[in-house]
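In what comes next, subunit A is part of two complexes: it sits with subunit B in the first one and with subunit C in the second one.
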Partner chain A sequence: MEKALIESSRNIAIHIAILWVPNMRILKMQPKFLDKFLESLEKFGALYGPVHRNGVMKYDRIESVSELDLSGHQLPMIPVKKLFNPKQFTMLHFNEKGFYPDYSMIEKRVIIGVHPCEIHGVLRLDEIFLNDPADPYYAGLRDNSAIIGFSCWPTESSLCKSAGTDIVDEGFDLFFMNLNEFYLVWVGSSRGYDMIHEREEFFEQEVSHEDMRKYIEWRNKRNEVFKLEIDFGSMPDIMELSHNSEVWDYFAEKCLSCGQCTMVCPTCNCYNVSDVFDVTNETTGRRERTWDSCMFVDYSLVAGGHNFRESRADRLKLWYTHKLKTFGSEYGRPGCIGCGRCVDTCPVDINVVTVSQALISGEVPKE
Partner chain B sequence: MNISKMHENPYNPEPARIVRHYDLIEDHRFFQIRHVDMNRAMSFTYNPGQFIMLSIPGVGEAPFSISSTPSRPGILELGVRKVGTLTESLFQKQDNDIIYIRGPYGNGYKIEQMEKKDLIITAGGLGVIPLRSILYYVLDNRDKFGRVFFLYGAGDSNQFLFRDEFFQLKARNDLDCMYTVDKADKTWTESEGVVTKLFKNLPEIDPQNTIGLVTGPPVMYKFVIDEFLKLKIPKNMIQLSLERRMKCGIGKCGHCALDHLYTCIDGPVFTYWDTQHFRELI
Partner chain C sequence: MTTQEKKAAPKPKIGVYGFTGCAGDQLLIIHTEDELLNLFGSVDMQSFVMASSNPIEGELDVAFVEGSVSTDEEEEHILDIRKRAKILVAMGNCAVGGGPQAMYTGDKKYKERLQKVYGDNVKFFIEPVEAKPLDAYVEVDYYLPGCPIDQKQAFALITRLIHGAVPETNPHPVCHECKLNETHCLLLDKKFCLGPLVAGGCDSVCPSHGLPCVGCWGPIEDGNFKEHFKLLESFGMSKKEITRRIKNYGGHKILQYLENL
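Up next is the complex of A and B:
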């Protein structure tokens, strides 16, 4: 009881802090206006969001907002990173005169239904791709995409509470908090402001104490639902101390080097580049970029065939160094944003939970 | 679409012309190249130890160390070993042919740290290519540095790169050159044995006033570093340059990751002290 009280007062403190973020406005919206409002966003760009296609949930371009699954109970299989760093695209064309960039994939978009952890994932990728010199494709897609965040409900695998990514106070244009009776709507950018400004009739300017109490209740209830947790705070030290741990050999023994963990992880950024000639021509063609995975066997081969990360153990160590220790720079944060996808995806149960537990206890999981 | 024009495209390579080339040894070729845009050629500058990404359209792109010194602007020099697709295609090129380059990338040698100090520049095999840049930089700015020892070892006399050039350097009295090959033949006049054997020919060293540089094949690092440590040179005064696969050169593609660092932007030059955190290094 006491713990719950402390917890809830801590939450109030956190949320008051969020409410007071300068320039961040909160409005209220009745659910009946939602679809109409979202449809109105079309003038800001092509609409994208989580939809079910052939039994798989994915971010995709939508024809109508009725296709969207905004329930927040499930994450699309491939994270929203694919809309900023596409799986495959043409970076440059070449001909006899040289190379020239291709920006044709950059379009104006509004991405609806992005969960808080996913927004955190994009903010982590920003640290890589927008770091000087910025990646012009990623930067172009970022500049031209509005992000409409939506609140969500934890799944069996969610780790966002442990990762501190279950709430978000930047990285979106609008954020919809679904409290069933109504939505609280955070306005996070001037583009977000333009969006609501045109449709003021849908929004109530007054958010009462009672509304905020409901919100905090919702948060407390949500906090109870998490099934998994990781002590992220102690992981950097544990990673450092576990470099020679046998735990790595155990996981390496099982790993299939399939790379699925990399495809589904929101903060995996690696890519490969290759040149392709146009079929009809011997002098013109394109330089293409494709997602790559450090889990693939040939990833770190250097000329001469000397493979610095010969063993799978070393490849796993690199992956988990980025996820659990630091990502991008020495003082960077760990890359894991707790989405739980690796937990659901790895065919042989290698994931942030099993790995961190094994490293903490020094014991491998029981079969 | 036009918004992205605001961002420069760092992936878009610039045309450069092959001005001259010749074979160093079998399958190892020396290239002099120059930006087609003359203003660019003259204003292009870099630090010794940096690298460029070289492209051949339709074939691909790969990193190569700049082997010339920024103290002699206008021309970039490369030493390339033929190992695979891109390098084979580069070896087909003739003088006046166009290739594409972007860069310079990476940090380069820590010159500030080297100033006023004695230098032990230690190269093995192909590692001499990036070290040649700092060697000539030092010779062109000779009064800024203390004594200079240049130690270079190759497999045999047929694998010794820049032989004429480096043997001419022996005539200089402001530089102490020591050369060795693992296996000597009749034409070889210098030492025989691995490069670490040359350390016994060094005069007295003041370890607090000496910088050790080393680049070579992976197996060499450990042994050379041991020699530096025996001389009591502090770990943070030993500089080494590392090779990893690289696809972007600008910290985006992830291929060159070493622990939490990217070799292409945090390296390729590291001090031995820096690298002690990475256990997969050497």
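Up next is the complex of A and C:
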């Protein structure tokens, strides 16, 4: 008991330190104001968020905030990355004189209900797409989108605690922490301030010590529910040592090369481009960009017919080495943000948990 | 106007032919109303009996052939077309893989089956042969799978050929499009679906409507047949049943993939 108390007061101290980051402010809001407030955000752009369509949860444009599922108990099948790096779009139009970029899909948007791990996912994609030379489509969509984060509850597959992505202190305009009785609202950007400013009457400026205690309690309770865990810190070394491991052959035999793991992983970002001519014999057409996957056989095929990673084992090795080692050495943090989607998606149970466990133990999973 | 500004590609001489099949692929082209006039405007259509009479049968830049080779007349015809065409495109599942009529091709029981269906001493108008895809007889340059072919995929290939560019093939499974369409995977509910073994291009229409992919675009070379069979068997299906369903559309070509299961 005493230990718990000390623990929790230490937590509070840490939290107060985090919360008092310059420019980061916390407010309080009563649940009854939530819908009204979210509706008011329409002024800042078209509203998007997690909704259920044909039995699948997806981020989509909404007509009314009542469509949103903000319970935090589920992640949309396809991550929020699709709103910044669209699955399929026309990049440019061309004719014999030149080409003309098409930015028509860039619009002002407010994306509501983004979980912490998803926000971390977007921050990792920023490293890839916004580094010089920035991808103008991604940058345009990113600049024009506000992110309204929402707290969540772990699922059976969540790994965000291991990945250190279960909380987030940047990458959002506002963040709503749902403590049932009330929301704590973090303000993360000047756009966030403008949003609050519009409906100041909904927010309480004073967050008491008692409110913070409830928040810490919620966090502690939440920390208890995680079922899965990965020691991400040791993975780069393990990957290094496992280059010739038989484990890869085991998984390669199983893998259906369906590419689903790539489509659902928030940090996978590869795409292919293809020029499509108009139906005329003049030189006019468009260039289309579509998500690709390194799990597909033609991914590493180059001119002349050489394929660097024709075998399934090599493809899998690339995917996992990128997530667990190379991404980290390039950008400082692993390419896995622990969302658990690969765990829920792969039809033959190849995922970041089964693969890392097999590599650590050197033993393949029991059938 | 300088030649630099206006560089229209010369109109290629095209022929469209139908062998044994339902003519659905030719129909699909004709039914592409938005593009049909543009198509006829940008090629020199020599022969397309379904769309216009008075065909001219001479040298061709591109021949599109639908249907399987199922009579000795068709056998001669495909050899003739191949001789006349610089590029030959197999159009639709029957031309690409043999179609449902080639479901049992290669089982060495063709004569028996023919007799069972048509009886003894039948006099055929045109002598039938065991149904096979075009490439059982001639070299095919490009494949346009589908049952019927997909408008978007077909026109992407046709326009590439009009411009003398190399068409792109799609070696990705149906699952790719299935996820781009944000569709729930049937396999996760332990339900039958052939998606991972089947070439994409249909925009995953079946899974998007909650139905399993039955493989009408034909097999992809990269398909992990062994493991997928194992997975479907673990859902309680027998190997025989899976094989039957996969053969339905897989036609002749699927056989080589089923050999070592």
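The definition used in the following text is that the second predicted complex is superposed on the first by the 345 of 367 C-alpha atoms of A that agree within 3 Å, B and C clash if a C-alpha of one lies under 4 Å from a C-alpha of the other, contacts with A are read in each partner's own complex, and residues count from 1 in each chain.
Just so we're on the same page, a residue touches a chain if its C-beta (ideal position, glycine included) is under 8 Å from a C-beta of that chain, and two chains touch if they have at least 3 such contacts.
Please read these numbers as outputs of a predicted model, since none were measured by experiment.
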Note to self: With both complexes superposed on chain A, which partner does A:R191 reach: first (subunit B), second (subunit C), both or neither?
What the structure shows: neither
Item checked: First (subunit B), second (subunit C), both or neither touched by A:T345 -> second
Next item on the list: Identify the partner contact of A:G285: answer first if only subunit B is touched, second if only subunit C is, both if each is, neither if none is.
Entry: both
Next item on the list: Name the contact category of A:I78: first (subunit B only), second (subunit C only), both, or neither.
Entry: second
Next item on the list: Answer with first, second, both or neither: which of subunit B and subunit C does A:S274 touch in the superposed model?
Entry: both
Margin query: Applying the document's definition of touching, compare subunit B and subunit C: which contacts more of subunit A?
Written below: B
Next item on the list: Check whether A:F296 is in contact with subunit B, with subunit C, with both or with neither, and answer first, second, both or neither.
Entry: second
Item checked: Touching partner for A:G98 - first (subunit B), second (subunit C), both, neither -> first
Notebook entry, point to check: Which holds for A:F129: it touches subunit B only (first), subunit C only (second), both, or neither?
Noted result: first
Checklist line | Overlap of the subunit B and subunit C footprints on subunit A, listed as residue numbers | finding: 274-277, 283, 285
Check: Where on subunit B is subunit A touching in the complex?
Finding: 1, 3-5, 7-13, 15, 55, 57-61, 81, 83-84, 87, 98, 100, 218, 243-245, 247-248, 250-255, 257, 259-261, 279-280
Margin query: Which stretch or stretches of subunit C touch subunit A in the complex?
Written below: 4-11, 35, 38-39, 41-43, 155-156, 158-160, 162-163, 165, 168, 171-173, 175-176, 179-180, 182-185, 187-188, 195-196, 221-224, 226-228, 231
Notebook entry, point to check: Once bound in the complex, which stretches of subunit A touch subunit B?
Noted result: 91-92, 94-95, 98-101, 103-104, 106-107, 128-129, 131, 133-137, 139-140, 143-144, 243-244, 268-277, 283, 285, 287, 292, 294, 299-304, 306, 308-309, 314, 317-318, 321-322, 325-330, 332
Notebook entry, point to check: Which residues of subunit A touch subunit C in their complex?
Noted result: 53, 55-56, 58, 77-78, 87-88, 96-97, 253-260, 263-264, 274-283, 285, 290-291, 293, 296-298, 312, 344-345, 347-348
